[in-house]
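Shown below is the structure under consideration.
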Amino acid sequence: MTEHLASFPYLSCMLLSPVAGLFILLFLKEEQRTLIRGVSLVSAGMAFALSIYTFVAYDKQLGGLQFVEKYEWVKGFGITYFVGVEGMNAPLLLLTGIVIFTGVLTMWELQDRVKEYFIFQLALVTGVFGVFMSYDLFFFFLFYEIAVVPMYILILIWGSTRKEYAAMKLTLYLMAGSGLIIPGMLLLYSSSGIATFNMVALHAVQFSPWIQKVVFVLLLLGFGVLAAVWPFHTWSPVGHVAAPTAVSMLHAGVLMKLGSFAILRVAMYLCPQGFQYWAEFMGLLAAVGIVYGVFVGLAQTDLKYVIGYSSVSHMGIVGLGLATGTVDGLNGAVFQMFAHGVMTALFFSAVGFIYDRTHTREIHELGGFSKIMPVASAFFITAALCGAGVPGMASFWAELLVLIAAVQVFPVRGLAAIAALVVGALFALRVVQNTFFNKPNPKFVHFEDVSPFLGLPRMILIGFLIFFGIFPQTMVSLIKTSIVPFIKGM
Amino acid sequence: MNLLSWLISPPGVATVAFILVVVVTILGALIAVSARNIFHNVLGLVLALIGVAGLFLFLNSPFVAMMQILIYVGAVCIAICFAIMLSEPMYLPKPPRSSFKTLGAVIGAGTVFAFLVLLTKKTTWTPAPERSTDWSVTTMGHYLLTEYVLIFEVISLLLLVAMLGAIVIARGGRGAS
Amino acid sequence: MLLFNQLETYLYVALVLFFIGLYGVLARRNLIAILISVELILNAASLNFMAFNRFLAPHPAVGQVIALFIMAVAAAEAAIALSIIIAVYRKLKSVNVEQATELRG
Amino acid sequence: MDPILLGCLLCVILPLVAFGLIMIFTWRRPNLSLAISLVASTIPLIIAWTMLFKLWGIKEPLIFTFNWLVSDLVKVPFGFLIDPVSLIMLVIVATISWLIQIYSIGYMGGDPGFGRYYADLSLFAMSMLGLVISSGLLQLYVFWELVGLSSYLLIGFWYEKFSASEAGKKAFVVTRFGDVGFFMGLVFLTIFFGSLDIAGLNAAAASDKMPPWLITTSALLIFCGIAGKSAQFPIHVWLPDAMEGPTPVSALLHSATMVAAGVYLLTRIFPFMAASATAMLIILAIATLTMILSSTIGMVATDIKQVWAYSTVSQLAFMAMGLSAAGLAHGTLFAGYFHLTTHAAFKALLFLCAGAFIHHFGTNNFFVMSKEGGRKLTIPMVTVTIAALALCGIFPMAGFFSKELILGTLAHLDNKIWVLLGLFGAFLTSYYTFRVIFVMLFPRADDHPAWEQYWEEPEPHGHGHGDDAHGHGHGDAHAHDDAHGHGHGGHGDSHGVPWVMSFPLLVLAGFTLVLGFLQTPLETFLLGKSEPHEMSFVLLASAVGVALAGIGMAWLDWGRKTASWQGFIKQIPALETFFIQKWYIDHFWRWFLDTFIYGVFSKWFTYNDRRVVDGGVDAVAFSCIGGGRWLSFIQTAFLQFNLLFMVVVLAAVGIYLLMGR
Amino acid sequence: MNVLLFGPELFYLGMALVLFFFSLQRRVQVERTYWAALGLAAAGFVVALYCLFQNGEIFFRAYKVDLFSQIFKAALALGLFLVMMISRNLAHIEPRYHAEFFFFLTTCTLGMMMLVSSVELLTIYVALELSSYSLYILVPLRKGDGLDVEAGIKYLFIGAVSSGFMLFGLGYIFGATHSTYLSEIIPRMPELLASPIGLVGLLLTLAGLFFKLSVFPFHFWAPDVYQGGANQVVTFIATASKAAAVAVILRLAMLGAKYGYSFTQALVVLSIVSMTLGNLVAIIQKDFKRMLAYSSIAHAGYVLIGVITFQELGYASAVYYALAYLVMNFTVFMVLSEVATDGQDLKIEELAGLYSRSPLLTMSLILGIFALAGVPPSIGFTGKLLLFTSAMNEGYFWLVLIGAVNGTVSLYYYLKVVYAAYFLEPRQGPLQLSWPTKALNWTLCSAILVFGVFPDGLVELARTAVRMVL
């Protein structure tokens, strides 16, 4: 892969702007709430701006790895600080920027332990950015865990609904995943014979098929936990339900993508033969997840559970796309990561708004919210329609690419996934109908609608969904620049 | 007949004496761990220590044997006696021994014992190719102050620590209570 | 070969002492008796050293020095152990090791 | 830029912009929203007509394509295909949607969701226009889905009403059911053919470049989508329910344009579909069944919109019959397509008239309208009669010509059963249509016993179990007791129909009268040549005869002074119940959904998720804790036990070392 | 002879004497004693750092001064200094014994310093005993109602039996090689390990050291002593003495390297059992220190992973990890002893509401706990990953897998601490921290982060150091 060094450390700045915000926050007092929010917003905004910049400024003609920064880190162990942008991670960096920026805005009204909240959130985001931009396994894994662990505290303190159980379950489950990742990753390192964590260098090594098989399945399962691959998904609905709004947004929107991205970036990239061997299995899990997610979601009565299971289903589409191993499939998978990220963020931010007001998410208790809060409802309905795969939204294209590729490679699984779209529609509309339509619950009629300021983050999300829904090529052409060489390299 | 003449020959006498010493040692050790009266234990220990000192004699080092008697019998055992007197009164009824525990101890210790015996049996010991025959105390003193001088110094510190510690710990409660 | 002129004899005697000492440590209740047993173990060890010294070592002085050091260490250990045992007695009113059973799990 | 291309782009973009503007900024301000929407629908209207006149007589289709999405195998072009077929449809859609927008000013005036209504209409206009001029099937699918979305939004426009939101959901899900088939067909074509270009597909199928199995499979799968959109058996069930939407919406979407999109698609890829005789035969069978089925149900409905809805279903089926028969008999698409055109005019008219009545009387029950003096609304009454005549195929209305053509095509088939069934359908159509007309025209005296029967609305059984998990169907769509009580009170008084509402009626009535005589020019335009249709007088006579017989039957039952106001079907109560229960198809779907989707899959998957999958995870966690507790017993308080343990382990390790050597 | 070679030891000897004189004074001068001890400890750390790059052999080659030993000496000096830092409030030690308390800490440090430099078996033994005896005394020095002496007596006897085993092992090694000098033993190792007696001798010798490190099955003292000992004493045991044990194990285990497959296997098994047992049992603990004891057992298992590689990288990782462990464990203990203002034992739930009682301590606690759990970007994460990496390089796939899974299990109980500190509502008022404590907090936190993110310097240092022992 060609590497183009950065003229200016954009990526490090992107990575460090939340860190800088975090450190400033450490020295602020809890009482200075406005300042705290401001600092968080600025640091998130900087990251957001930089992520947009890298997305736009990435030279598609040039291709390869751009904005590269590379420093020796630990010589004895072959660890380098190696970050870069290519077609497949630029969208995800952008996604992270979007979600964190809107997430900070969404949590603007937080009153409880504001300082700590933003500290942990920024820490988490640092990890997410780091994972997406790292090309060194060590840093990849380091950031991966940074992204996971603050979740515990975020859910524990600012969460709801069985939050202690959920926080513990989520964290342990994800860390159990990394219990599989470590051996897999290190097996690659040790059997490469070149003693480096540099992924690009490791990619050049021909690992023996046996090692590839072992490592791939370890990484698949390990990262698969975070990607909520069936049957390792049960933490996700529970965790989403318990987490506070912005954390759910980040978590479902971005964190789950870490898992699938890592499967692509690490497992498939470094163990192509392992991937060939396990692709069938991976496709099976993904297809089961797609079908399973919608059916289980159909029976849920808590709004966030519903979204949680829809995430399981949608992440199954990502998995299916990855499993195909074709250009279309991978394009679609990456696109779906982005689209699902924005969509779920929108979902959760809409639900969070309603929950903040009503303190319930039971579908039975809600109703007629379109009357009470037309704008908030519109946000949710938009997300639901996007989830149901309505064209004009980004996720439609992603699903289209994945499903076509899937039918091509795994006909039965692909067709099952397509069939699940019906239930997916039923599932999304059922929620919309019961929550937003019908007669309003008199208990809630006095609530006010979203203020323009709080509507802004949601509008940003919708804007991105629709923009990439109408102009999918802006995204796909970018993703393609890295997927095509990626497939060739396999 | 042969045996008798052998017995009165110097090696025979030495062997008999050796066996006697060994028996004393082991008997003493057995008393030290098995007698129910704690004083008997101490006496058994004394016996065993003296036996070991005798063994040291057989091992060509009267100096160490003397030190053994001096330090162990003269100091350690006396200290133990003091401790006995300072602690539990002798007249208290003793709880019955638990056969389960004894069995466990025998098995545990026996395993290690058997294992080490087997090991010793298997091993062939090779003496050093060149062996000095200088058994004098002077040489020992020389070693003590050259090669082992560091340990020698550390031991003194160790003893200081032990003394101070013993004082602090043993005295501690009284002041507190 | 004479009995007392054989390395193995001494090693076996040391092992027997070790065995008895270990048994005492594992079986006795009285803390002082346990200490006595520990002394036996240490004696066994020093007997080992002396035996190796007598039959194998290049310099006969080394083993003797070691034996001396072991004695000193044992004495120090006895001092500390006894003082702690007295402290135990003072606080628990017993020198029975089975009375000291607060810490568990 | 090519003016044609610019025009096409404007047709798609303007309504979209209007939708966005209204939804984001002006949805609280009715007049502004209306203005935006009207601008965004008038310009396409002008463009459409201009293009029709400018391009009248083109031979070669105009194609403009750009890359929309280029992945690897999947290449989605965005483009416009302008040929006679799409031009005519473009004009129909633009015109009717413009008329409806005008009409709605009156109909929807004062509704709190006025702005949103126009936004949704704009969205519909955008997607329908886009659908019509799509150059590729995938692009068509995109707009197809968007049409479905706007249909969902408009049906559930009065979302506070349970039945309305329910119907919207049902419409979306049921059509999605068909669309999945459509999508699968597209996927097959993409994979095995590689392109979804409409012109390319038609050419390839026509020139035998595709394997027959692929054509048949994809054709049938695509027909699933057509069946969903055009409400063919067995997934026609959403359309009657869709009448929950505002009546103009029903006129626009659920009769004239959107539901016709299915048939339009069939026309669009007619050469491709026609390449598979098997598929054509199956389509013909399904369409015929649908036609008979919906006509019979239409005979017993008491809701005027229901009647028209079933009539729509049957007419769509009739078009499909025409097309598939043409496909089987190597005919042309003209018959079906012509009927589509005429039907758009007269069915929209029927609905708009119904809307005028509903708006005026605040009820959907035409018996009630009749009693309240429905015939006094002159313009609607006259136009509805014209439209009804057209529906029955009475000369000189437009319907006469198009129906005649279809029956002619059916008659070309070797098996005459199809044409007989077609005639039977025509008979039923005339009967139920004039049932409505006669009831409206000739109300009985106030004390007539028949009122009792129709005044009392049957208890709708769908509302009883309408909790969230069972949202799907409410079987009976009769109940409209509170039919959109939004702001109609003010209009309910007697000063007739406002001009914004009567104007579209008159325009459409004009079309209904004129269109039939444009048959030849249209055919020339569409096919490049006009073949003289050998008019079989037997057929002509039987067609008209059957229509008249139907009207006569209706007269006997409903019209004449002494009519019993009992349908002849009353004589066979079992059959009547069967029809009233809509052949139990709704029941079937309800049962299917409850039993399989909710009862089996959803329930058991959920159980499995909680107990097996999640339970397994928790079990691991608990076993760790249990293991910790168990292991903690090693750490007894007894020093000597610990020592023993230590010694034994040490010995074990030592023994292992010795053994290992 | 260059005095600097023996500089730290001499300094600590002098320091011990000074404190000894303090203890002889009739008047109890708590403040003065403390400041003297603290000042001396600080000076000692400086001396140890100053002597960091000394190199040479003294005492007739019985004592080797090289970077390896000097790093550990500096670590020990640091450990002592840190423990002194938190000994301002020795609530559970009689005021009149404060001087003795510091004295024993010093002698213990001295013993351990000698331990890490010794290359002669007997010196190792005696130095070990010196450090152990000081600790035996320190544990029951606590004011208490019996737990302290119970812990003390258990500690003592387990230690005595272990050292008995060790002596036996030393004897066998002596018998087989005729020498007590490592430099003379190493050349004979191949033939020695060909006979079982060498292996068993080595195993028994390691028993005494494993006792120090609390590796299974010599771990039994740890929970009891951690719970029964005074907080500061336990801090010292948990930090400095672990580091010393690691150092000497690294030196000695080398003897068995490369020759004994089964020897390595045995160590692997001990490592696995240690971490599994430690982590599983820690889950059910209520007492904070007791939980940390089990965590230390688990960590002993982790360190062994580095030991059994017998390679430069593995050893370097083990050194890095030992140093990391010192810092992170100390951080946690510091918080513990700051929260336990009366010097009492702390239940985990007594950390309740720490976030509002003292945010700074909470930050330290979180960082320390996360470092122990191996969560990035902490020193613990880096250390653990380096350990795993080097083990994987040697092909210990299953070991790494089990180690990594164990990491997950351990997270459970570490998170329980976080849970208590962050989630439960406070039952007591805010904690006041003195400025040195605050500074200490910040320093430790930054150390945990900085060395976790920028490990290169430390790793290179450790690599250079371990080349001395390999």
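Which chain is which? They are A, B, C, D and E, in the order written, and residues in each are numbered from 1.
By definition in this document, contacts are C-beta pairs under 8 Å (C-beta built on N, C-alpha and C of every residue); 3 or more make two chains touch, one makes a residue touch a chain.
Predicted model, so just to flag it, every value in this text is computed and none were measured.
Asker: How many steps does it take, at the fewest, to get from chain B to chain C if each step moves to a chain that touches the one before?
Answerer: The distance in steps between these two chains is 1.
Asker: Ignoring chain E, partition the remaining chains into groups joined by touching, separated by vertical bars.
Answerer: one piece
Asker: Please give the intersection of the contact partners of chain A with those of chain D.
Answerer: E
Asker: Would you say A-E or D-E is joined by more C-beta pairs in contact?
Answerer: Most C-beta pairs in contact, of the two: A-E.
Asker: Of all the other chains, whose mean CA position lies farthest from chain D?
Answerer: For chain D, the chain whose C-alpha mean is farthest off is B.
Asker: Determine the chain that sits nearest the middle of the structure, using the mean of its CA atoms as its centre.
Answerer: A
Asker: Counting in whole Å, what is the centre-to-centre distance of chain C and chain D, each centre being its mean C-alpha position?
Answerer: Roughly 96 Å separates the two chain centres.
Asker: On a C-alpha centroid basis, what's the spacing between chain A and chain B, in Å?
Answerer: 70
Asker: When the centre of a chain is set as the mean of its C-alpha atoms, what distance in Å lies between chain A and chain C?
Answerer: About 64 Å, centre to centre.
Asker: CA centre of chain B versus CA centre of chain E: separation in Å?
Answerer: Inter-chain centre distance comes to 32 Å.
Asker: For chain B, which residues are shared contacts with two or more other chains?
Answerer: 101, 104-105, 108-109, 112, 116, 119-120, 125, 127-128, 147-148, 151, 155, 158, 161-162, 165, 168-169, 172
Asker: Can you tell me which residues of chain A touch two or more of the remaining chains?
Answerer: As it turns out, chain A has residues touching two or more other chains at 172.
Asker: Of all residues in chain E, which are in touch with two or more distinct other chains?
Answerer: 122, 126, 129, 133, 136-137, 140, 152-154, 157, 161, 168, 175, 178, 196, 200, 223, 281, 284, 412
Asker: What chain-chain pairs meet the touch criterion?
Answerer: The complete list of chain pairs in contact reads A-D, A-E, B-C, B-D, B-E, C-D, C-E, D-E.
Asker: Which of the residues in chain A come into contact with chain E in the complex?
Answerer: Interface residues on chain A, with respect to chain E: 26, 72-77, 113, 116, 138, 141-143, 145-146, 149, 152-153, 156-157, 164, 168, 171-172, 175-176, 178-183, 186-187, 189-190, 195.
Asker: Which residues of chain E touch chain C once you look at their complex with the stated criterion?
Answerer: 122, 125-126, 129, 133, 136-137, 140, 144-154, 156-157, 160-161, 164, 167-168, 170-172, 174-175, 178-180, 223-224, 227-228, 281, 284-285, 290
Asker: Show me the residue ranges of chain D that touch chain A in the complex, using the header's touch definition.
Answerer: 23-24, 27, 67-74, 76, 138, 141-143, 145-146, 149, 152, 156, 159-162, 164-166, 168-169, 172-173, 176-177, 180, 183-184, 187-188, 190-191, 468-469, 471, 597-598, 601-603, 605-606, 609, 613-614, 617-618, 621
Asker: For the complex, give me every residue of chain C touching chain D.
Answerer: 22, 25-27, 97-98, 100-105
Asker: Considering the complex alone, what residue numbers of chain B touch chain E?
Answerer: 116, 119-120, 122-125, 127-128, 146-151, 154-155, 157-158, 160-162, 164-165, 168-169, 172, 175-176
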